[in-house]
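Next come two complexes built around subunit A: one with subunit B, the other with subunit C.
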Partner chain A sequence: MRLELHRIFVNKLAFGEKTGVKDGVLTIDKKELLDLISEDALLGKKLDVDLAMPGDSIRIVPVKDVIEPRWKIEGSGQVFPGMVSDVETVGEGKTLVLSGAAVVTAGKIVRFQEGIIDMSGPGADYTPYSQTCNVVLLLEPSDPGMDKHDYEAACRMAGLKAAAYLARCCAQANADRVDAFEHPNIREAMTLHPGLPKVGYLYMLQTQGLLHDTYLYGVDVKKILPTVVSPLEVMDGAIVSGNCVSACDKNSSYVHQNNPVIADMLKRHGKDFNFVTCIVTNENVTLADKRRSSSFATKLAAMLGLDGMVITEEGFGNPDADLIMNCWKAERLGIKTALLTDEYAGQDGASQSLADSCVEGDACVTAGNANEVIVLPPMKKVLGFAEEANVIAGGWQGSLVPDGTITVELQAITGSTSELGYTKLGAYTL
Partner chain B sequence: MVKEIERKLPVVHVCTIVPISQTVGANRIVPAIAIPHPFGDPTRTPEEEKVIRRRLVEKALKALQTEITEQTVFAS
Partner chain C sequence: MAYRVIHYINQFYAGIGGEEKADVTPEIREGVVGPGTALKGAFGPEVEIVATVVCGDSYFASNMDKASAEIVEMIKPYKPDAFIAGPAFNAGRYGTACGGMCEAISKQLGIPVVSGMYPENPGVELYKKSAYIIETPNSAAGMRKAVPAMAKLLLKLLKGESLGTPAEEGYIERGIRKNKFYDKLAAERCVEMFVAKMKGEPFETEYKMPVFDRVPPQPAVKDMKDAVIALVTSGGICPKGNPDHIEASSASKYGEYDITGVMDLTADTYCTAHGGYDATYADRNADVVLPVDVLRDMEKEGVFKKLHNKFYATVGNGTAVASAKRFGAEIVDKLVADGVTAVILTST
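Presenting the complex of A and B:
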């Protein structure tokens, strides 16, 4: 399997008469984009599109999802299969990427499970989406009493449609850079690099229902048994977020498309280890489901003869139990594990970090303490509703004060403790 | 909370994710239905749910009266 990402670098956004890209400027026909997302009868009449650039004094709140504009220009299938495209397999051919641009969907859905993006100031350091040129969709339901599942689906589709549309309109432009990725089939993978350990990636997806859902080729992942997916399929949007869960550690569609664990494992493939495959698994709400999925996922890993696995979690609390079961079940099958998670250790950092643990979990990377408190100074412009800071998880009544300052835990900032490691913040032990 | 109450009173922890309860150190554990609905099941009729609820409460009360010497999951 070979996939080329044809990157066009975007460093500026503008509204204009025709959607397209030139000299790093992504021009957007606002009316055409609004008409496209307004086709959905579930969305209201007062939809809007606004732009937010790195360094702007802009706060976006409440944020649902972030998506990178991509469009396949060669090869089977199309981006976001099973969602805005047909269900055909993706991951091969050529995909155009508007690197540096992002679609941000904003609107009140579950309210406490949306997030904040500051484009400048101290909050900007904690969210990777302060570094992207954001096309912000401000959404509302056509009926205020609409079922939240329907409204979530409408917001999710609006974001994906907009991301596909923006890249599709740029399909004729020449790429600034082409990144090629190759990934062998299992038979080749077994014989390649005989001296190197066989390593897999166990990709845990949040699937608790009640609007905590993730989709694979359009299939609700809580309904699957763990399965094998090529890392290249993930880059074409095979995995899409439908998640309304704490903003800091829900994996946006953008980080699925740009999963840094996959990127790094592909880079080190054939040098430090043999990256055999991704295994996708879920995080469900009954103990039987957790036991079944962890047993099945680790069984797949053992069938493939893996020596080791990187395991990433999504969310926190009871998913910690899935993480720990995946860890000890793999270890007891002779597969070494390294875990990537985040922590909820209290505002003083003194509490237990994870809800569960096991002695086998002795190689663990943290993306930070989500309870750490941060003060976000006022921004000149707010896209959305600043008062949502008072109800977002990580905020409290009084988080927003009259001058526009917001005091919240990092939990409230979109992507601040990404458990895929999509963050520029890190720490070293001296 | 389970552990703090148990300083004074015996406690039964009715919970869905038993391994977390075991890690935290609860002594009497009764497995529940699911995280969003530990004491019920919205896919059943109200009459069936009442039976499920009563069964769980009775199991918890029985666990509370059972002498134990180590961490015990009352599964059956």
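Presenting the complex of A and C:
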């Protein structure tokens, strides 16, 4: 498999007559974009689009998802397969990427588990999406009493549609940089790089259900048995977020598209190890499901003869049990593991950080303590509804004070403790 | 002007006597006493040890609350900037007194506190979360090593300088997790650690897996006919509107709610405060999390004697174990006092 990412670097956004990109400026025809997302009868009449740039005194709250605009310009399938495109296999050919731009879905909250993005100030240091030029979709349901699951689906689709639309409108533009990735099939992978350990990436996805779902080619991942996916498919949006868990450690669609573990493993492929494949698995709620999926995923790894796996978690608490089962089951099959998670050690950092543990988990990297408290000074402009800070996960009654200052746990900041490791945050023991 | 520091030592280091004098009551003396001289040398001109508190180890151990309250009052007039205790090496009661005083002073006066102990001193386990405790050898022969490290750490705290890791500073790991920005993405750190592990090279985990406090389930209730059953949940069920404002995540409290005469939890009367699961169904019918309806039926049928007229609820989502432990202990005390004989715990 060979995939080229044709990157166009975006460093400015503007509204204009026609959607397109020139000299780093992504121009957006607001009406055309609004018309596109308004097609969904589940969304209300008062939809809006606004722009937020790095350094702006802007707070976006509550945020549901962040998506990078991409569009396939060559090769089979299309971005976000099974969601806004057909179900054909992706991961080959050429994909246009508006690097530096992002679509942010925000507005009327789905439920408690949405986040905050500050474009400047201390909060901006904690979210990777303060560094992107954000096209913010301010959404609302057509019926205030709408079933939350329907509304979640509508918000999810609006974001994906907008991201595909923006990149599609730029399909004729020349790339600023082309990054090419090649990934061999399993037969070749088995004979390549003799002497290097064969390794994989066990990619855990949040699938607790009931607004905690992730999709693979449009399939609800809680309904799958663990399966094998090429790292290149992920870059074309084969995995998208559909979940409403705490904002800090839900993997946005953007971070799936730009999975930094995959990026780093591809970089080290052929030097430090032979990166054979990704295995996608779920985090379901019942014990039988946890046991089945962890046994099946580690069995796949053993069948492929893997010597080691990097394992990333999504979410916390209940999924810690899946992480730990995956870890010890792999280790006991002779497959070495390194784990990537985050911590809930209490606001004072004095509690235990994970809900489960095992002695085999001796190589663990964390993206920080999500309970640590941060004060976010007021911003000049709020896109969305600041008062949601009082009810979102990580906030409390009184988090928002009249001058606009918000005091919350990092938990409430979108992507702050990304368990795909997309930030530099971590923790140490005093 | 030099920082004003108070030093705490026991009767032995004050030269009063050994075990036979361990019951002497606390006193405060101006200036340095005993090991204070070495401390003074280590501090240099930036710090003045304005006074030294002396207390017998037995007296402190037998009267901890009283003794620490007395000592806090003795210290206050000196308006200290910091407090330093020991080093206690491996002396158990002395270590406990040093730790206890550090905790009391830190909480009540809000000033930096430092002690020094051997890692196996029981004072370490009790107070390492409340104070920086420099790791010392197990006997007073290690005084020369302990004192400079204690002085250096306290000076850093006084100046508000950022501290390095426990290994760098020489203090015993407190078990407190603190965030910091690393130079590399967490993903890069993880893959790097993975490569080291694959190659059999040394690596240091960023988080040592905890050892859990496992609680064996209670045996089954033998006499159901006479059982008084209570409902307790971490699923966040509360009267509609969440009157106690229990947080959606990282709960700081639990609620106690009267269900006298309540036969069924309806959408008009109850909801969930929980932010970690889809609340659609619990908001519509909270019995799915807290089964009051079914238990009322069983109560009527005489399966058990009585459903307790209060239920307790908190939110388990992202809530610190320390908080959960406290809620649990308090709730149990109330249930036992009310004559409850069995509890159904529901989670989500």
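As a convention for this text, the second predicted complex is superposed on the first by the 420 of 430 C-alpha atoms of A that agree within 3 Å, B and C clash if a C-alpha of one lies under 4 Å from a C-alpha of the other, contacts with A are read in each partner's own complex, and residues count from 1 in each chain.
Here, a contact is a pair of C-beta atoms (placed from the backbone, for glycine too) under 8 Å apart; a residue touches a chain by one contact, two chains touch by 3 or more.
All values reported here derive from a predicted model rather than from experimental measurement.
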Subunit C versus subunit B on the shared subunit A, clash or fit after superposition: clash
Partner chain(s) touched by A:325 [first = subunit B, second = subunit C, both, neither]: first
First, second, both or neither for A:15, with subunit B first and subunit C second: neither
Touching partner for A:210 - first (subunit B), second (subunit C), both, neither: both
Subunit B or subunit C, by number of subunit A residues touched: C
Touching partner for A:286 - first (subunit B), second (subunit C), both, neither: first
Partner chain(s) touched by A:385 [first = subunit B, second = subunit C, both, neither]: neither
First (subunit B), second (subunit C), both or neither touched by A:340: second
Which of subunit B and subunit C A:361 touches, first, second, both or neither: second
Touching partner for A:245 - first (subunit B), second (subunit C), both, neither: second
Subunit B and subunit C contact sites that coincide on subunit A, given as residue numbers: 208-210, 356-357
Interface residues, subunit B side, partner subunit A - complex: 16-20, 23-24, 31, 33-36
Complex contact set, residues of subunit A against subunit B: 208-210, 285-287, 290, 318, 320-321, 324-325, 355-357
Partner subunit A, residues of subunit C touching it in the complex: 129, 163, 165-166, 173-191, 193-199, 203, 205-212, 245, 247-250, 252, 275-281, 316-318, 320-323
Contacting residues of subunit A [partner subunit C, same complex]: 111-113, 125, 147-149, 197, 199, 208-212, 244-246, 259-261, 263-265, 268, 272-273, 307-308, 310, 312, 316-317, 336-341, 343-354, 356-359, 361-372, 391-397, 409-411, 418-430
